[in-house]
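In the part that follows, the structures are each spelled out as structure tokens.
What follows is a pair of complexes built around subunit A, which joins subunit B in one and subunit C in the other.
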Partner chain A sequence: MTASDALGGQRYFDDVESGDEFTDSWSPTGEQVVAFLTVSNRTAPGPNRFTDDEEARKIGMTKAIVPGQMSLCRATDFVTDWMGPSGRLRSIDVNFRRPAVHDEPLKVVGLITDTLDDDGATTVKLDVYFENERGERPLQGVAVVELPRR
Partner chain B sequence: MNDSSKRWYMDLHSHSTDASDDAGGTVEGYAKWIVARRKRGYQIDGFVLTEHRQYDPDSDYRALSEQYGVSILRGAEVETDIGHVLVYGITPEFVRAFDLRQVSLPHKEVFRVALETGGYAVAAHAGRPRIGLAHYIDDEHMTIDGIQTVEQLNGGSSVDENNVGLALAERFGLKRVGGSDAHYVSAIGRCMTAFGRPIHTVEDLVQELLHGEYYPVTVEQTLEAGAASGERHA
Partner chain C sequence: MTTDVTFEYDESVIGVEVPIGAEEVTAEKIATFCSALGESNPIYTDPAAALAGGYTGLVAPPAILQTLRLDPAPSAKVKFGNTAFHSGMRFEVVEPVLAGDTISVSAQVKEVYAKTGRTGTMVFAVTKFTYRNQHGRTVANTESSTVHRQVER
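Up next, the complex of A and B:
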């Protein structure tokens, strides 16, 4: 199942179980990074590690990198697309273990690791991560989502 | 060692929210996930918590282990002058010998004292730049003295990095293990070590690491092994 399958629909607690996986893809471009930096008011003057390969290489990166906040936004977007409009994202907590770089194809993965029904409060725990073609996971995290019953 | 039905699959490298501040997986979450994976045909018998730079002798996961039918053992991941090292069978003598919070412990001492006090040490994620053994052998000209085993297959390393670990192991004739390096629930068991005997205690683990025959596997390989030989966890 891809996250886009859930777009426009509603995910229900009754329909999910531990082990369910949903995926999407993301290949952040330089233009998207510049747009993100602009709208988030984080544009630094001149070339920098987020916009310029040479600047990124100066600090040991292979090429320009994707800002962590942008990756977090993509992961959050991925989860909220999946849960649907009546879901509630209670928390999302990520860490960045490897750099994500421009134009690198990333598989975005959500895996349900637990479902909890605590006196009618129905929540789902998910692992969320990005995986690149080398098998590295630049972003890993946990989201907790409240889903309605049918 | 061709009869896969006799393998015992242990993840030798994991971190939890109980003691690693960069982890998001709980110990119970790991156990639940393993039960869920078994239902899908994967074989995961247990895991070792190797929290960063510490060892709490009072932590006890026996109740969880019994509840979920999963071996849950404890070790530590310490930091040395040849990168990170996994230690199993940690004794009070070992803890007294080192300040585990330090990030550049003398590796020869760590390997030696672990062995002399009834434990066993393994060079973690051997192919990983800066924190794996290969980097220190190839770039820093350290020696392999005292090191018998490397974590060649690490779930947090890239394919290329694991291949570097494999080349190192083959070059020096080192034994190889696998571990997920899980920090999040769904990563537990991603890479493991296949043993020839059941491992229920850390003493069992140390004995197997010392004298047994073992090799690293991915979780997908256990699926193939289960299909070929009948699943242990129905």
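Up next, the complex of A and C:
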């Protein structure tokens, strides 16, 4: 594989500007939540609020909820997929404003809010959020990414 | 705004860093993670792409650090309200993690504080996690906040 092949999905600093938006969708299933809990060794014996609707209702939720760390992972992957192989995620800072629940269709949004060329260090700041069909945002955050120049 | 609300917690754990485990980030773990989350950046899925991109081996997606198998982090044992939720995370990436790296993690309770907003009083406990590779270099930091509050049921 050549470098140009490998960098085929690369995002460049020269090509982005404030106001640019990119989106994806995510509807986390119960099976995906269990897979995430398993890979991160967070499975617990018996039903819990992440796996069982009844347990979630006991704490005021409408159905089983998605772990915050899984939402952070999805938001992070959304950004790292977008930036491409030579991008570098510096940080992502998220708030869990309300629980995301199983099978809830979510729009995943990235909105560039600032671009900065600081002595050759080219970084992009973007808002990242999940939005459900009621316009609520279970996750809202800010990411900072380094992008290369062309 | 801050508030004078009364709550109890274990002050002795504040700022005390405790090792909570270590795990090798294998190529298999990276593949499982990418599959579960739908990650498709080629430096995480294809060693040849990672090499072409200037890395010395397959790169781990940064968020994989959130799935390391660890002991429980120290707790401030906050006594307030009747429920607790994960309210936010700040994840700072310092340098890439490559397949085969062994990541050691330490954690400390950074702070506990109360805030009162339009939905009532909440008590936040912030835990800081530091991730270091086998060379002793910090590869990432995370701050995770848990909110304790009273919920009508």
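Going forward, the second predicted complex is superposed on the first by the 142 of 150 C-alpha atoms of A that agree within 3 Å, B and C clash if a C-alpha of one lies under 4 Å from a C-alpha of the other, contacts with A are read in each partner's own complex, and residues count from 1 in each chain.
The definition used in the following text is that a residue touches a chain if its C-beta (ideal position, glycine included) is under 8 Å from a C-beta of that chain, and two chains touch if they have at least 3 such contacts.
Computed from a predicted model, the values in this text were never measured in an experiment.
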| item | value |
| --- | --- |
| Contacts of A:Thr80 with subunit B and subunit C, given as first, second, both or neither | second |
| Subunit A: partner with more touched residues, subunit B or subunit C | C |
| Which superposed partner A:Ala121 touches (first subunit B, second subunit C, both, neither) | neither |
| Which superposed partner A:Ile59 touches (first subunit B, second subunit C, both, neither) | second |
| First, second, both or neither for A:Ala35, with subunit B first and subunit C second | second |
| First, second, both or neither for A:Asn95, with subunit B first and subunit C second | both |
| On subunit A, the residue positions that both subunit B and subunit C contact, one per complex | 93, 95 |
| Subunit A to subunit C touching residues, read off their complex | 1-3, 5-7, 9, 32, 35-36, 39-41, 58-60, 67-69, 72-74, 76-77, 80-81, 83-86, 88-96, 99 |
| Residues on subunit B engaged by subunit A in the complex (per definition of touch) | 22, 24-25, 29, 32-33, 36-37, 39-40, 156-160, 183-187 |
| Complex contacts: residues of subunit C adjacent to subunit A | 29, 32-33, 36-44, 46, 48-50, 52-54, 61-64, 66-70, 83, 85-93, 151-153 |
| Complex contacts: residues of subunit A adjacent to subunit B | 18-19, 93, 95, 97, 111, 113-114, 125, 127, 129, 134-137, 140-142 |
